[in-house]
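In what comes next, subunit A is part of two complexes: it sits with subunit B in the first one and with subunit C in the second one.
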Partner chain A sequence: MNFGVPFIILVVAYFVGTILERRHFDDIRRREAEVKNFPVLTFETLPTDWQVGSAGLATGSVVVSLDYFKRVIAGLRALVGGRIKTYEPLLDRARREAMLRMVERAKREGYDAVVNARLETSRLANSRGNGKGTAGVEMLAFGTAITLNKRW
Partner chain B sequence: MRYVPRQPRDDVNVSKEHPLVEASTLFIGLSLIFLAIAVVLILLVDVVLLFVSPDKEVGLFESWSLSDYIATDAEDSRLQSLQGLTDRLARHWPESPYKYNVQIADSDELNAMALPGGTIVVTSGLLDAVESENELAFVLGHEMGHFRNRDHIRGLGRGVVLSIFFAALSGSDGGVNLGSSLSDLTLRGFSRGQEEDADEFGLSIVNSEYGHVANSWRFFERLGDKELGVATYLSTHPSPGDRVNQLIQQAGGNGWAVDGAVVDIDW
Partner chain C sequence: MILSNTETVPGKEIVEFYGVVTGNTVRAKHVGRDIMAGLKNIVGGELVGYTELLQDSREEATQRMITQAESMGANAVVNVRFATSSIAQGAAELFAYGTAVLVR
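Presenting the complex of A and B:
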């Protein structure tokens, strides 16, 4: 049986995936530091001492996909169950990237904070395999961007 | 209300374990589990088959279509005389529960094998290599010896279970392939003792048929002299030199004549 080609893809996917992931995390951390002072909160109701000037919708979304290595390991994991550890960094990147995009956009548009922030995710069906496979996952961050008349 | 700026933490939602550690743990662990299952299944099949009576065995493997596993050549002109010779030899073991069905495998390898249900497979390569009927008769008698000792259903579990595993791995759902090549089936080699017992039975059959055992080991002498440069037969059978000595001893021990008229092969 010919396992050679899948094995080469596995090795290549691991190295490429690892490098891309490390670079993405570095980028995320750098940008998070830049917007550190921009509040993103989950309040539905604002504190009474906040004076809101204007409000708008802020969104940020990202679509991520698995690499072959993660897919294979997750496949093995699915046999015995347990935490799919190879997916964890992928989804962590997706959440933080989506939040960053939302924040960066809100900041660029002159807002001071995002309240009632939410994360939503949806699976993109694979066009092959009768839509059974997963082509990727969309992570959507959204919230109410506000300007404040009086800053704390 | 004050807002305290804080950066997200890296270590909450992502496991610290290196992906390669997880990969190797899963791979090795699952391999060990599958191996254990395979070993248990193999032993189970082997043990169960030991309790199957020859009659049941014939019924069990009746619908077993050999051509699915081995490229047999039903058109080979030698098939009829080969079956005739087998039937003649079988008369010397009247209590045999098997009705022999001989098939010629289209292969250059030099080999013969006893398969469940009474099927004897001889390769066309071996038929090309034998020079007298006596040589061939011994090969057939030897395989009958495996039937008598029921060697042919021993060690079958390995082939069955491995082929099921490979079928599962390769995802083929077109039935279980009991080994796509001849060597897969014959890889279940027999022990030296099993081979010696089968040899002695083969000699006794040849002796009953011809009144002597002349030329029974001529084939192996040629194998040993490298006139027949094929390694396959050796991989599943004892080395030719040892075997010739062992056959001479067995013939002497039983008082079988080692000289006599040799019958030419009629093809």
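Presenting the complex of A and C:
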């Protein structure tokens, strides 16, 4: 009876987590289709036929947490080593969400492209337990948003 | 004040360098956010409370960097970079730094 409660939490975490994840991925795919024509470059050198009007900083960030089920699986993985496949979709979602927020914000503020886009990851530690354990992971996407005088 | 994470401001020319400017802020979470995060830790997904906390902190750190640049007489900060670190229990430091310049 004593391990009934964690088992229930595990089952709830698995089902709710999977549904939320699938819905989030559908949302991400729909938003990516909407900003398909917005150029994002990860380098500074601009194509020679681009004439820049104005420039500003564009940022997008998201903090994600791991659900209980994923952490249990990862703990088991830690015994034998290898790829932790349960974390990979989570970090993929976080990165794409951060990039989408940066692009959507740049678009909303009237810019035409983002150059020198960078992605940064930071770990947020738990407040209890002396900083052991991870409360969340922050993904930051930032770049320079520019307006172009020529449109194609 | 123009901000850019490239070495030059696209479309403009740098005429003077003023040096490195920085801005930082250390923020702690409050109990309310911790409890929501505790619940979210069961099902996973985005921690909206923390996202907003870090975004606000980033705005504040950036604003402090801009204020320092303005006091030097600059009108742009280039090569802006950010660093987030977990410092103490439940506190995160947001650090923004860049080079203050005069552009024309």
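By definition in this document, the second predicted complex is superposed on the first by the 150 of 152 C-alpha atoms of A that agree within 3 Å, B and C clash if a C-alpha of one lies under 4 Å from a C-alpha of the other, contacts with A are read in each partner's own complex, and residues count from 1 in each chain.
Assume a contact is a pair of C-beta atoms (placed from the backbone, for glycine too) under 8 Å apart; a residue touches a chain by one contact, two chains touch by 3 or more.
Please read these numbers as outputs of a predicted model, since none were measured by experiment.
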Clash or fit: what happens to subunit B and subunit C when subunit A is overlaid? fit
Contacts for A:Glu88 in the overlay, against subunit B (first) and subunit C (second): which applies, first, second, both or neither? first
Would you sort A:Val64 into first (subunit B), second (subunit C), both or neither based on which partner it touches? second
Give one of first, second, both or neither to describe whether A:Arg29 is in contact with subunit B, with subunit C, with both, or with none. first
Angle at subunit A between subunit B and subunit C: what is it in degrees to the nearest 10, using CA centres? 110
Does the superposition put A:Pro47 against subunit B (first), subunit C (second), both, or neither? first
Touch test for A:Val80: subunit B only (first), subunit C only (second), both, or neither? first
More residues of subunit A are touched by which chain, subunit B or subunit C? C
State whether A:Arg96 touches subunit B only (first), subunit C only (second), both chains, or neither. first
Does subunit B (first) or subunit C (second) touch A:Pro39, or do both, or does neither? first
Look at A:Val5 in the shared chain and tell me whether it touches subunit B only, subunit C only, both, or neither; answer first, second, both or neither. neither
In the overlaid three-chain picture, find the nearest pair of C-alpha atoms across subunit B and subunit C and give that distance in Å. 14
The shared contact residues of subunit A with subunit B and subunit C are 69-70
Mind listing the subunit B positions that touch subunit A in their complex? 1-3, 5-8, 10, 13-15, 17, 19-20, 22-23, 26-27, 29-30, 166, 169-170
Subunit C residues touching subunit A - in the complex, by the definition given at the top: 2-12, 29, 34, 37, 40-47, 50-51, 54-55, 58, 62, 80, 82, 84-86, 88-90, 92
Over in the complex, which subunit A residues touch subunit C? Could you list them? 9, 12-13, 16-17, 20-21, 24, 44, 46, 51-57, 59, 61-70, 90, 97, 115-116, 118, 120, 122-128, 130-131, 135-136, 138, 140, 142-144, 146
Touching subunit B in the complex, subunit A uses residues 1, 14, 18, 25, 29, 32-33, 36-37, 39, 41, 47, 49-50, 69-70, 73, 76-77, 79-80, 83, 85-86, 88-89, 91-92, 95-96, 113, 152
